[in-house]
Amino acid sequence: MTYTTSIGTADATSIQLLGHDLTSELIGQVGFAELAYWLVALRRPTPGELRVFESVLVALADHGLTPSVIAARLTLTGAPESVQGALAAGLLGGGSRYLGVTEDCGAFLVDALAGLESPPATEAEWDDLARRAIVERRASGRYVPGLGHPLHKDGDPRTPVLFAIAEEAGYLGPHLTLFAAIGRVHPEILGRTLPLNGAGVCGAALCDLGLPVQILRGFALLARTAGLLGHIAEEMRRPIGQDIYDQVDRAAVYEP
Amino acid sequence: MTYTTSIGTADATSIQLLGHDLTSELIGQVGFAELAYWLVALRRPTPGELRVFESVLVALADHGLTPSVIAARLTLTGAPESVQGALAAGLLGGGSRYLGVTEDCGAFLVDALAGLESPPATEAEWDDLARRAIVERRASGRYVPGLGHPLHKDGDPRTPVLFAIAEEAGYLGPHLTLFAAIGRVHPEILGRTLPLNGAGVCGAALCDLGLPVQILRGFALLARTAGLLGHIAEEMRRPIGQDIYDQVDRAAVYEP
Amino acid sequence: MTYTTSIGTADATSIQLLGHDLTSELIGQVGFAELAYWLVALRRPTPGELRVFESVLVALADHGLTPSVIAARLTLTGAPESVQGALAAGLLGGGSRYLGVTEDCGAFLVDALAGLESPPATEAEWDDLARRAIVERRASGRYVPGLGHPLHKDGDPRTPVLFAIAEEAGYLGPHLTLFAAIGRVHPEILGRTLPLNGAGVCGAALCDLGLPVQILRGFALLARTAGLLGHIAEEMRRPIGQDIYDQVDRAAVYEP
Amino acid sequence: MTYTTSIGTADATSIQLLGHDLTSELIGQVGFAELAYWLVALRRPTPGELRVFESVLVALADHGLTPSVIAARLTLTGAPESVQGALAAGLLGGGSRYLGVTEDCGAFLVDALAGLESPPATEAEWDDLARRAIVERRASGRYVPGLGHPLHKDGDPRTPVLFAIAEEAGYLGPHLTLFAAIGRVHPEILGRTLPLNGAGVCGAALCDLGLPVQILRGFALLARTAGLLGHIAEEMRRPIGQDIYDQVDRAAVYEP
């Protein structure tokens, strides 16, 4: 029995990562985000790809005192000796409802682009493709991912910045282009205008970088790991977990 | 009741991170590892600090099919729909035995340097300090952290590279200097020569960057998150979890 | 703001659980499994219901060195100080592939029984209902849950015992009856004979106890918690985690 | 390579648990709590042991909207598809600060009883032993576990009930006896009177049942699993997670 891997192996005198010698070829020569991209895509990103990728990670790193962050802080309240437990608890909230949007939006765009003989050539053709994608999605009884945000009702501030960076870097590809078209045409079909949200644009941008759609949630989790570490370090310095517990507990009312 | 945080807040039109506007001041202008450092240290790293920090994260990202990686892959075998569950399971193995070394070594060096009127001025003085630290540690019945490696018995290949990068970057400070002295003097006290291991040198390097010792394990977890994502993506493409299960299960023998 | 709950509240002199005083009405008067049932169903089980419920929990508690168990043991290898981390890692593998069968089978049976004017009156009518359910399921492109087992190819030993206990206890209701019919008629539709598996029969039995189908996986997780504790305690006494790691690591081969 | 286990193995036609055939010897004949005890202690409990054990599990199952429960509910808010993730997040808060008391108190009592030539014969001798244990504990700079409760300041309602049940069942052994003595003598040493708390008395009771002290936290986690399932099922029916998030988020204030 052998277990094949292209990620990493180690022996007494060397550590291999991605087929390269870790110490002579990678440490000090590859950035951390660059390595994360490489580990999943199995190829080193171009400078333009890396610029978009780091921008997406920064965009997704934190969004204030979210359910994930509160869960991580309360876990540290009960188990202050276990940073890994607090971090894991925070990541476990990264499921279908929040981080899922990044992945759902990516999958939706990938599906809509699949099977085209050639990509649309004009904005009007992109808009037609977007209309077909929205109509089909709704026909299957599902909502269109990447539209709307509970807080940023009049526009998610991350969206234009990420489009601009992708364009500058030369990676505004078919997924972002289709996502922009969805932003233009959805009001005529849905009957109301919703903003393109940041999680959705991140999903589209990661697809334009050639990353596999089934792992997109993983990048959102990596980004969030940095944000959670910031909150965990703050909880150690200036805790709020106990106060949150007290406030919730005091407001508890028994009702059958 | 208010909950104060310096990490992040958001309102309808903007997202704040570390007191900066996320979209106009951070996305596209700050790297991901840079942001992770900033979120914990509450100050932006210098270019030299960032170079050492990224090197440490790359050094700690992966070490082959470790217990953590196997746990993550087997969790995906049982719950393929939950990338966050597989990642969390992998991180939960980042406890005292493996990732703890980074933190323990940092804490050991911080303690040994605490209360000095002035830092040692010569290599001989550093060696004396190292001797005192080792003797005291052993007197308290605990092993000296950062020494030895089950696989890299004749030298951890990461150690010299990380020392060299810290020196080049101008961040070879008191913690790394003391750790080097421990490498020189421990044989005369312990009666055998052990290599300075990579986890230990990473702990020393992070302390020289001014990062708080109680969160060092968190950076090891961040590094490992990238490695785990690589393994999770590979497990989706080319699974080995079922084979590992089969091999273990076939070798199971009942014994009271 | 108030948070209503019917589970538990506490004040300076008393602890309330399910509207009862914990110390004068529950401790010593209610069994642990009985309490678990009550906490979800919001009513105390009858003796017959409790007998079936405890039987299901015992049936699902352990199945040898499964991926979940291996993940828990390897997590303890890396973080021996955190029993909660090892347990959490083990539970995280309880997803769609293994524990999901209990829930999927329950949901499948609930759907097939929904909307009937009256339940079938004869075995022939049950068989007709089973045929319709199987045909509809396959028409939607999904497999029929509760059939087949990778190890117990000629019959899952748990199945007849659980049917017999449910019958003795007076709780062999419509879900188990339909599941038995599926066992009789599926060969004529699928073209091969598969055993009714233990996870499926547990799902059917829990539905016949009136438990809500969306929480069925939770009971499988509760059952597995006991099994995992047994394995974690054994890993402390007589560890195999390090050996599993060594065996996997030695068999690792780099392949791009 | 073989992996020995006394917990469970399975082959094509049978499932073995603890050296017994699961279907003919355990299902329907052993209760769930009984099995959990057996899996750790490796012997079947007597009826008296089982009565104390179930009482302890019921006592520890829930304590209202604790940090663990809030973390589990918020995790379900973000990942409603993953019951196992919500449960794992809740258990991860079962660390040193809350559940640790059960284990710490057990370990403290075990240490105090270790090395005695013969157990104390009179209440006065027990009181002397308790005084020595408290004085030694404080001399090592650590607090005495099992004393005091943030909410139940004038007495934990669980304590007298659990003592009474252990006595009735014939399992009021040396650990509970010493714990009672600690309750009598600590005011003269500490200078104030603190209640013996429920977590502590549970730890003492589990030790008197002969369960190994290093796994005591595991039983507290098993008990809490039932409570968490109740809260998770309630969160599905009548959610409060979103309201807790909204309340915390609205109260967030940026402060450097």
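For clarity, chains are labelled A, B, C and D in written order, and residue numbers in each chain start from 1.
Methods note: contacts are C-beta pairs under 8 Å (C-beta built on N, C-alpha and C of every residue); 3 or more make two chains touch, one makes a residue touch a chain.
The model shown is predicted, which means the values in this text are computed figures rather than measured ones.
Following the contact convention of this document, A, D is the list of chains adjacent to both chain B and chain C.
Chain centres here are C-alpha means, and the one lying farthest from chain A is D. Centre-to-centre, using mean CA coordinates, chain C is 24 Å away from chain D.
Rounded to whole angstrom units, the spacing between the C-alpha centres of chain B and chain D is 33. The geometric centre of chain A is 39 Å away from that of chain D, both derived from CA atoms.
Counting partners per residue, chain D has 1, 3-6, 9, 64-65, 79, 81-82, 84-85, 88-89, 92-95, 99, 244, 247-248, 252 as the residues that reach two or more other chains. Residues of chain B that touch chain D in their complex: 1-6, 9, 16, 19, 42, 79, 81-82, 84-85, 88, 92, 248, 251-256. On chain C, the positions that touch chain B within their shared complex are 64-68, 70-72, 74-75, 77-82, 85-86, 88-89, 92-99, 241, 244-245, 247-249, 252. If you check the complex, the residues on chain D that touch chain C are 1, 3-15, 17, 22-24, 26-28, 30-33, 35-36, 39-40, 51, 54-55, 57-59, 61-65, 82-85, 87-89, 91-95, 99, 151-155, 157-158, 160-162, 165, 212, 214-215, 217-219, 221-223, 225-227, 229-234, 236, 238, 240, 243-244, 247.
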